[in-house]
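Next come two complexes, and both contain chain A; in the first it sits with chain B, in the second with chain C.
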Partner chain A sequence: MSIVEAFINGLMVGGLYGLFGLGLALAFGIMRVVNIAHGEFIVLAAYLGVSLLTLTPLPLPIVVVCVAAAAFALGWVLQAAILNRVVGPNPVPGMVITMGLSIVLRNALVKIYGSNIRSIDVGALQDWGIRILGVSIGVLPLLIFFAAIMLFVATNFLLTRTTVGRAFRAAADDFEILETLGYDRRTVYSAAMGLAVTLSALAGLLLAMRSSFSPFSGAERLLIAFEVVIIGGLGSLRGCFLGGLFLGVVQVVGLRLNPNSGPLFGHLAFFVVLLAKQMNFSIRPAWRRA
Partner chain B sequence: MSLLALENVDVFYGDLQATFGVTLHVEAGETVAIIGANGAGKSTLLRAIIGLTPTGRGSIRFAGEDITHQRCNLVARRGVALVPEGRRLFHSLTVEENLLMGMARARPGPWTLSAVYQLFPAMRELRHAPASDISGGQQQMVAIARALLTNPRLLLCDELSLGLAPKVINEIYSCFAGIRDSGISVVLVEQDTVRARNSSSRIYCLLKGRVTLARTAADVTLEEIKQAYFGDRGS
Partner chain C sequence: MRLFRKGVHVDVKAILPMIVIAAGLTAGALLLPVDRQLVMEMLLVFAMAQGWNLLCGYTGLLSFGHHAFVGLGAYALFLTVNVLGASPYLSLGVSAVVCALAALVMALLLHRLRDAYFSIGIWVLADSLRLVFGQWEWAGSSRGVVLNASAIDPARFANNVFWLALALALTTQIGIFTLLRSRIGIALMAIRDNEHGAASVGIAVSRNRLAAFVISAVICGVAGGLYYLSVLYVEPSGGFDIDWQIKILFIVIVGGAGTLEGPVLGTLVYFGLRELFRDAGDLYLIFQGATAMIVMLLAPSGIWGSIQSRTRWRLFPIRWAAELASPAE
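So, the complex of A and B:
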């Protein structure tokens, strides 16, 4: 794999990383919830996908839709039943709750699926590739990358062109005024968490098609999400996407240069960005038009 | 039957009591002014009416229904709207998106986008500007329009003139004739007593959370207002 191929591959993984960050950023930006269970949700979606594919005759596209629907329901119920009780200026109760949830989920996954490494089998598509100007690109990563872009575009459309999307952004700005206009803040929050978990789940499912996962992958996915959000900035979709691309490229190119480095280069790059930014990110971000 | 009736309303912020046994009423189609110094409890009262701050004791009735302990969004959908102190537009939304937020849960009624653009013609040209980029007076107009678009029966206005130039304040107040003509009752919270008296039919004055004056605006003298506004030391 040449450097150019590594770069392109990094971009394609980076699209998914951007989605990881987007789910986290939506939850924090709109209701100030730092979702520590974010990584476990991503892994949970992948396991749900594997189960549906092996236990039922459903084709992959239907499975994706089922997982998305289940993720939305999970996010909604989590927010409506638990997190809405602790929303407020103090983010710590929400962090503690989701941290507890992440431990429960992780161990439940080990109990049910064992700790073996899995991946989603997409059949012959796995091996297809195309060559452009001497650079070979896998068809599957390319498709996954386009799926990630489509999800970003769809989210942008939702946030800027629909009533519910405007309500999300308005809730981030001033939830009291939103209530005076007839909206129930709790419902808006539940829908937003549903969306955030859906995006993360779809990203988790897509990542599971091109790389392996275990019940313990959640922490790493959460770390990636945090890094993307901090690199890209909390307030914008474009920031999340570019942050994801950056992290993906650094990680894959780093791996190409030193196959034993693991995620080291990604974390190093994040550290450098942190130093450059001087930890100067605002605690009260707002959703702007991307 | 009054459109809005407060009876012995006590509102608390934690252990701090902000209003003491406030009783007031607003009739349909009427404009009522609530005046008082800083910290007299005017804004608190408006927040309690629409349900943003819980009412400790007493009762609030709107159109005959008890709304004392109802959630803010439900009170809003019954037809109460708030133009908040400091305007509080959604800053990451454009002007028109702010207005659309007002429309999305609106009751049926006369106020539509084109109606508010007619009321504030300048807003039509600014409709794609971010709400944070327009001037204070323009922001106040957007805040009023956003509240009107919910088609309220009662409009609560908190310190419309705060931080605005006199010329701009006149512009904003001159549009209230149009709002009254559409049958909406208005509660004006103001520190500017002369303006409050001129633009309302009745006046309540609050002093340290208590009603010290409740009179028809035409009858009340500035001396009486001064007495009620500052208490005994004013005389």
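So, the complex of A and C:
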């Protein structure tokens, strides 16, 4: 039975992995910015949540809102002050700058919080569980999974049904046409980066409720996000979500089989998918492939 | 693959500044009263950076996973010495071969990936290697490997390693300089500047790019092998530490990617800052990250790139400058 439990657990972590990938994919799809500091943003949000919860009497929902607002502001400022200067066809300057930023953030976190492992305490909710058909499922992971789905649905709504979302997609497709329509490309980019960082911050908070983190967790989270994007394909919300589920399942089942393996099974699955994609393997008949 | 064509002759005037600088730095390294271990580390990290620069600055492939080769080179050396009882110095050849083969295998996985996909793909590969070596019982798993002490002669060991590091750094610099002045170098720069254009005039894009990748992997592997040989111990989280990659990236970006002088300057800046702020701890790392950001924003071509564009100095000329080109050539 434990494999089934691991599978379900993997699905639930996978929803969060999908969110990690979504933040990265938005920034890459719209601005062509590869945010190497993505993982550090995720960890930063978790630390911010811990600090607010321990230092102030605010309840958890308000803390989540505060962290989301702070993340949006951070993303906006980052894009407006720094990354808008290097947008363009060449992704290298953006990557190097965010790489530098990730080093700064990681070591600043070590300086402030020390390098100990932490987690967000959600009280008694941690231990609640329900049993369905002999499989026990934690209530907390289930709630977190639904939160992830809600965030996906909300993002989908934003991108397809609102003016801002349409501007984002237009900026991804052709920013010159967007500018002729009276939009400021830089503002659109700043807002998009704000949204991307907010999504990853929320994912970071949610993950911190169910597993521990340290200032050095960022790189692992970044690699997960990137694997999700490549597995799911860029520019598709559904792809991101399914990629996240796939990676989550592989990783949790892999950890059940070999508890010391860390993210190794996720990496291996990523390479299998990469190879399969390169071989142009497809279940669709050749004449119907695009 | 011919490195030299008949028509290319070595220009003494072009080589002279390089010889002077190499001699100056070598003399500085030998005569100044600084720690030998530090100088050796500088030489090795410089070699790695120059190898990485060949890939990043001359083919446009930004790798975030060259620490894979540092660790692989070290492990190849340690396991060869411990299992086969070979001489540690000759085992450096094994490091080179293993890294070349690993690079070829990696290229199979990565050859379609560009830009960020390549950067992170190779990072994931490096991280996988770290995890595999952390699990691999025969290779010491997470405890790492200690070099068999009977394989070395303690009296001469430190000196030998130092001279090898110096030889590696000089070979790398002169070798890449020669390579870039050859047909391959011109092909690489053409690919970096316009891939489709290069392909349309008959340059074998993927073969040249693969060559640069393998060469940079071998340099990093041998340098990694030498570094860990000097400390006699390697473990997965040290050998495959992303810190190696960060050092390399900092040196090349701050010095100036795509120039041969840049990594020299970058190495001096990096280690200079590190020694100055030796006591600052984490603050120094924060400062280092911030420096990389600021340089990229203010001088995207690095310190040497800025100097070069103002003064037109070229210590390692790999291109004909417009005013020097004569019709007779």
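One rule holds for everything that comes next: the second predicted complex is superposed on the first by the 277 of 290 C-alpha atoms of A that agree within 3 Å, B and C clash if a C-alpha of one lies under 4 Å from a C-alpha of the other, contacts with A are read in each partner's own complex, and residues count from 1 in each chain.
The criterion applied here is as follows: contacts are C-beta pairs under 8 Å (C-beta built on N, C-alpha and C of every residue); 3 or more make two chains touch, one makes a residue touch a chain.
On a predicted model such as this, the values are computed, not experimentally measured, just so you know.
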Combined model on chain A: chain C and chain B, fit or clash: fit
Contacts of A:L268 with chain B and chain C, given as first, second, both or neither: second
Which superposed partner A:K111 touches (first chain B, second chain C, both, neither): second
Where the C-alpha centre of chain A sits as vertex, the angle toward chain B and chain C in the overlay (nearest 10 degrees): 90
Which superposed partner A:A170 touches (first chain B, second chain C, both, neither): first
Chain B versus chain C as contact partner of A:A219, first or second or both or neither: second
Which superposed partner A:L178 touches (first chain B, second chain C, both, neither): first
Chain A: partner with more touched residues, chain B or chain C: C
Partner chain in contact with A:C66 - chain B first, chain C second, else both or neither: neither
Shortest span in Å between Cα atoms of chain B and of chain C, once chain A is used as the common reference: 17
Complex interface listing, chain A residues touching chain C: 28, 34, 36, 82, 85-86, 91-93, 95-97, 99-104, 107-108, 110-111, 219, 222-223, 226-227, 230, 258, 260-264, 267-268, 270-271, 274-275, 278
Chain C residues within the chain A interface of the complex: 56, 60, 62, 64, 109, 112-113, 115-117, 119-121, 123-125, 127-128, 131-132, 134-135, 242, 246, 249, 253, 282-283, 285-286, 288-293, 296-297, 300
Contact set on chain B toward chain A in their complex: 50-52, 71-73, 76-77, 81-82, 84, 88, 90-94, 97, 100-102, 104-106, 146-147, 150
Residues on chain A engaged by chain B in the complex (per definition of touch): 163, 166-167, 169-170, 172-174, 176-185, 235, 286-289
